[in-house]
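Shared chain: subunit A. Partners: subunit B in the first complex, subunit C in the second.
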Partner chain A sequence: MSKPRIATCSLAGCFGCHMSVLDIDERLLELVDVVEFDKSPITDIKKFDGRCRIGLIEGGCANEENVAVLRAFRRHCDILVSLGDCATMGGIPALRNLVPIDECFREAYIDGPSTHNPAKIIPRDVELPLLLDKVRPAHEIVRIDYLLPGCPPSADAIWAAVTALLSDKPIDLPYQLIKYD
Partner chain B sequence: MASEDINRVVGEIGLRHGRERWRLMDIVRDVQERLGAVGPEAVDAIAGWLGIARVEVEGVVGFYSFLSSGQRGRVVIRLCDDVIDRMAGYDAVRAAFEGALGVKVGETTPDGEFTLERTACIGMCDQAPAALVNDVVVTNLSSDKARVIVRMLRDQKDPSKLVHRFGDGNNSHPLVRSMVENNLRKAGPIVFSGQTRGEAIRKALAISPAEVIRAIKTSRLRGRGGAGFPTGMKWEFARAAAGDRKFVICNADEGEPGTFKDRVLLTELPDRVFAGLTIAAYAVGAAEGIVYLRAEYAYLRRFLEQVLEKRRADGLLGRSVCGKPGFDFDIRIQMGAGAYICGEETALINSCEGLRGEPRNRPPFPAQRGYLGCPTVVNNVETLACVTRILEAGPATFCERGTHQSSGTKLLSISGDCTLPGVYEVDMGITLREVLELCGGEDAAAVQVGGPSREMVGPAEFHRTIDYDDLATGGAVLVFGPDRNIVEIVSAFMEFFVHESCGFCTPCRVGTVLLKEKLDRVIAGRGEPKDLEDMLELAETIKQTSRCGLGQASPNPVLMTLRSFRPVYDALVKPDPHGYRRGFDLQASLREAERVAGRGSQQHQEGVP
Partner chain C sequence: MSDRFTITVDGREIPAAPGQTILAAAQASGIYIPRLCHMDGIEPVGACRVCTVRANGRVVAACTQPATASMVVQSQTDELVSWRRQLVEMLFVEGNHFCMFCEKSGSCELQGLAYRLGIAAPRYESIWPRREVDASHPDIILDRNRCILCGRCERTSRDLDGKHVFGFVGRGIHKRLAVNARARLADTGADVTDLAIGACPVGAILRKNRAYRTPVGDRPFDREPIGAPVETRAELTINGGPAS
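Our next item is the complex of A and B:
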């Protein structure tokens, strides 16, 4: 029987959650013994090769591309886990939800104190995905099966969650692993 | 207006009300009326006059919907926007006003003459659609009447000229002169009976305060605002509380949408209400009373002032009431400024003190520490009218009506899809079916008993009874016929709570908004079965964690109907085959970005393999 597959993605996140995935250290070797990585920044595989057991979602949805990727993950994965605070709540990127998009652009490309843009050009290339009106947590876009809080969730928490999901056991996260104060 | 003038106006108004901080509401209200706004300069002047921080003044101006920092028109037209008014044609009336004035709701005409606004229930559901034109109530509106009103206001400038025909009873009193109708359909043996002015007070003064409280306890009278706290017990607490200075307050902030029975009581039987307040004062040992009158009923104010004046002249108020040495008592009217939450007694007390109408933490209860920190009793208008009858005719007459737990009669304000909307005095314990037969609403598909904060009942439950054990109500009975859309009604109720939340605590301020968003998605056909579960969970959280009664009741429209009208909701939701959230509308969320970028989305939305 082939090994179960795992996919990961970073949407509107900072890759910190992925760093935390790497932080499982030598257990990474244990992991690759029992799973195969599909589409993921870790493998740099861009397209899904097959059905995945688990999809780990870092980041919320800030633009149309994020939505498309997240929806693809929903279609290809049995279980989706929102990894970290951006995926579960929108996180830091969602701070812009209080500001209209054109104001965001003006501040980022024209008015910002460290901006040098004498032509005052706001990039609008067709290659650039359009922003959503608001940054949204993943579960507002697709059904999410589990939420793993933390900024980022610790490597131990990720390890505990993933190994439990792979062995069909209930996820048991001791208080210490999800306590952040 | 030049700032010297603003200072002068504030100075004049200040002199009238004094420099005590708790008169802030009166000062701000008068400034608003004179200047059409309480702008930054007026705020400075008021803060200077009272010796308080300007943020305290701004806080009050920002809180109440009848006050504004921005300039309003000379004539403010407030359209009553509640469910019943919507059913009666609110939208057509609004469109007619907007057309005739050339502005939208929330705007002021460029000449500064008119401001058009919407407001929560103004207590005229039995003659909807209705509106306030400054203080003048106009009822039974239609689109043509709306246009006539605007024309007349342009010609004559005087809102009081809008009233051609007076309503029945005291609505035609020279100091009321209103087109409002009482629509008193059924006068019962308790509230609407007994005529002898002064009899109840004399009987009360002939016995000791403790005996008065015992009589009220014997009658088993409970609060008529809807919460049903035993009145005698409340008085006893206040009587026992330490302190020389005590207060009694009549809660005439009848704001629960669909409730208007206090309006009729205040119009027809103010003497009996004031008598009840005087008896309460005697029982608890208070020398000062306040009637907190909602801003929507300002048209009754001069009339009520005159009734009070007459009572003073007749010795029913003032020093040694009815010749009883040592019992001095007087009443002042405190006007509200448009905030539903002020019907909650601790919010009402804050409002009387010139603060934002935010509820207080309890304990201490008002009976221990209320107005100005003194023991205070707050009673509903109808409760006080009952008190008068109990002292007049004896507790036995009262409690032979109704049930054991809910003695006496109850005033109902019935409106909506029925042939005879209006006020009914019925025995407690009456079944909903009997109520519907009385008012001609037998074919109702749903009845909201107690207003948005209480319960929506379907035909299968029309055997249920109106009393404190089953359907407790402050009096509102909203009848909905078979053609009405239940979930739309629920959404309108939620809109009401979103607007009326005082904003102090998060579960209510944020929760009501989230709940309404979810509900509206479901109504729009973008809901999934899970959304209904989420709504239940969110509603429970709001209920359990909000700070005051308003917050705790705010999810009730959703909670109650999810329980009793579940099939209506179930028919609106379906799961998504791919596991996408149906509530997320990609096109809508890209609209702003497309406008900013000046191009449409280039992505194939489902194209990522």
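Our next item is the complex of A and C:
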């Protein structure tokens, strides 16, 4: 029987949650014995190769590309896990939700103290993904099966969650592993 | 006291005295009823409703409702825990709570309650309100993004500090914390030694220049859930001898 596949992505996140995945240290060897990594920044595989058992979602949705990737993950994965505060609550990128979007653009491209843009052009190229009105947690875009908060979730929390899911057991995290920071 | 009586909380019979609230009686016997707007030493007001219990079947705030003889109180039922969860989640989405960089993280009572209630993320959509930060005071910062309108600072300043530094303005969703000056906290009589400054359960009122002093792992709610000291103290009392 083929090994279950795991896919991961970093949407509007900082890759800190992926660092925490790597932080499971030597248990990574145990993991690759029992799973195959599909689309993931860890393998640098860009496209889904097949049906995945678990999709780990880092980051919320800040733009249309994040939404497209997240929807692709929902289509290709049996179980989606929101990994970390950005995916579960919006996180640091959601700080821009406190500022109207045109003000964000002006600050980024025109008024910023280190910005040189004498023509005062705000880029509107089709190559650039359109920003959403607000940064949104993953579960506001697609159905998410499990939420694992933390900034980032600790390696132990990720390990406990992934191994439970792979063995069809309920995720039962001890109090010390649930953190919002 | 001769006119003491007993009540039952979640099936456990505990002593209570006339005038004592359900929350106080429960706490004296080592039963923690979650709360945010109440703290020991100030007058309870029943604002946050996190301490909601059923007393003889009626829904009441345990922090304000006096215990009466033979009262039957339910606290840890699925229904009440679910309501508490919803209340805490609503407080999260109503303000701007960024635990990952908040100085109060690890000792924040809102966060601690969310941990204790097993909340992974709020189920509601965040409002992302625009709220004012007042950093005018040399020793105190007032960040309304994190304010949950519990009123602990207001009552503490008024009743314990005798100062009336804080108060509320507006109603409903427009309600916000105001200070007793034209605009700035610096122009009030607030002092860093005021008890009101330490009364804030969240990171809305903080002393400056003290951030992140306690390492992650050693903060109050890193190892033990909020309320654990109430439960532990009672265990020690019970083990130390018969309750008098």
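Here, the second predicted complex is superposed on the first by the 178 of 181 C-alpha atoms of A that agree within 3 Å, B and C clash if a C-alpha of one lies under 4 Å from a C-alpha of the other, contacts with A are read in each partner's own complex, and residues count from 1 in each chain.
The rule is short, and it goes like this: a residue touches a chain if its C-beta (ideal position, glycine included) is under 8 Å from a C-beta of that chain, and two chains touch if they have at least 3 such contacts.
Source: prediction; values computed, not measured.
Student: Judging by the criteria at the top, classify the pair subunit B and subunit C on subunit A as clash or fit.
Tutor: clash
Student: When the two structures are overlaid on chain A, which partner does A:Lys3 contact: first (subunit B), second (subunit C), both, or neither?
Tutor: It touches nothing on subunit B or subunit C.
Student: If you stack the two complexes on chain A, which partner ends up touching A:Arg51: first (subunit B), second (subunit C), both, or neither?
Tutor: Once the two structures are laid over each other on A, A:Arg51 reaches no partner at all.
Student: In the overlay, answer first, second, both or neither for which of subunit B and subunit C A:Arg124 touches.
Tutor: first
Student: Quick check for you: in the superposed arrangement, does A:Arg143 touch first (subunit B), second (subunit C), both or neither?
Tutor: First partner only, subunit B.
Student: Thinking of the overlay built on chain A, is A:Phe105 touched by subunit B (first), by subunit C (second), by both, or by neither?
Tutor: Touch partner of A:Phe105: subunit B, not subunit C.
Student: Is A:Val67 contacted by the first partner subunit B, the second partner subunit C, both or neither?
Tutor: First partner only.
Student: A:Lys134 in the overlay: touching subunit B, subunit C, both, or neither? Say first, second, both or neither.
Tutor: A:Lys134 sits against subunit B and subunit C alike.
Student: Clash with subunit B: which of subunit C's stretches 170-178, 188-196 or 206-214?
Tutor: 170-178
Student: In the superposed view, which residues of subunit A touch subunit B and also subunit C?
Tutor: Shared contact residues on subunit A: 134, 139-140.
Student: Looking at the complex, which residues from subunit A come into contact with subunit B?
Tutor: Touch residues, subunit A against subunit B: 47-48, 63-65, 67-69, 71-72, 74-75, 100-102, 105, 124, 126-127, 129-134, 136, 139-143.
Student: State the interface residues of subunit B toward subunit A in the complex, per the touch definition above.
Tutor: 530, 576, 578-581, 583-584, 586, 588-594, 596-599, 601-609
Student: Could you pull out which subunit C residues touch subunit A in their complex?
Tutor: Answer in residue numbers: 92, 96, 98-102, 105-106, 111, 114-115, 118, 120-122, 125-126, 128, 130, 145, 216, 222-225.
Student: Under the stated contact criterion, what part of subunit A meets subunit C in this complex?
Tutor: Against subunit C, subunit A makes touches at 82, 85, 88-92, 94-95, 97-98, 134, 137, 139-140, 146-149, 151, 175-176, 178-181.
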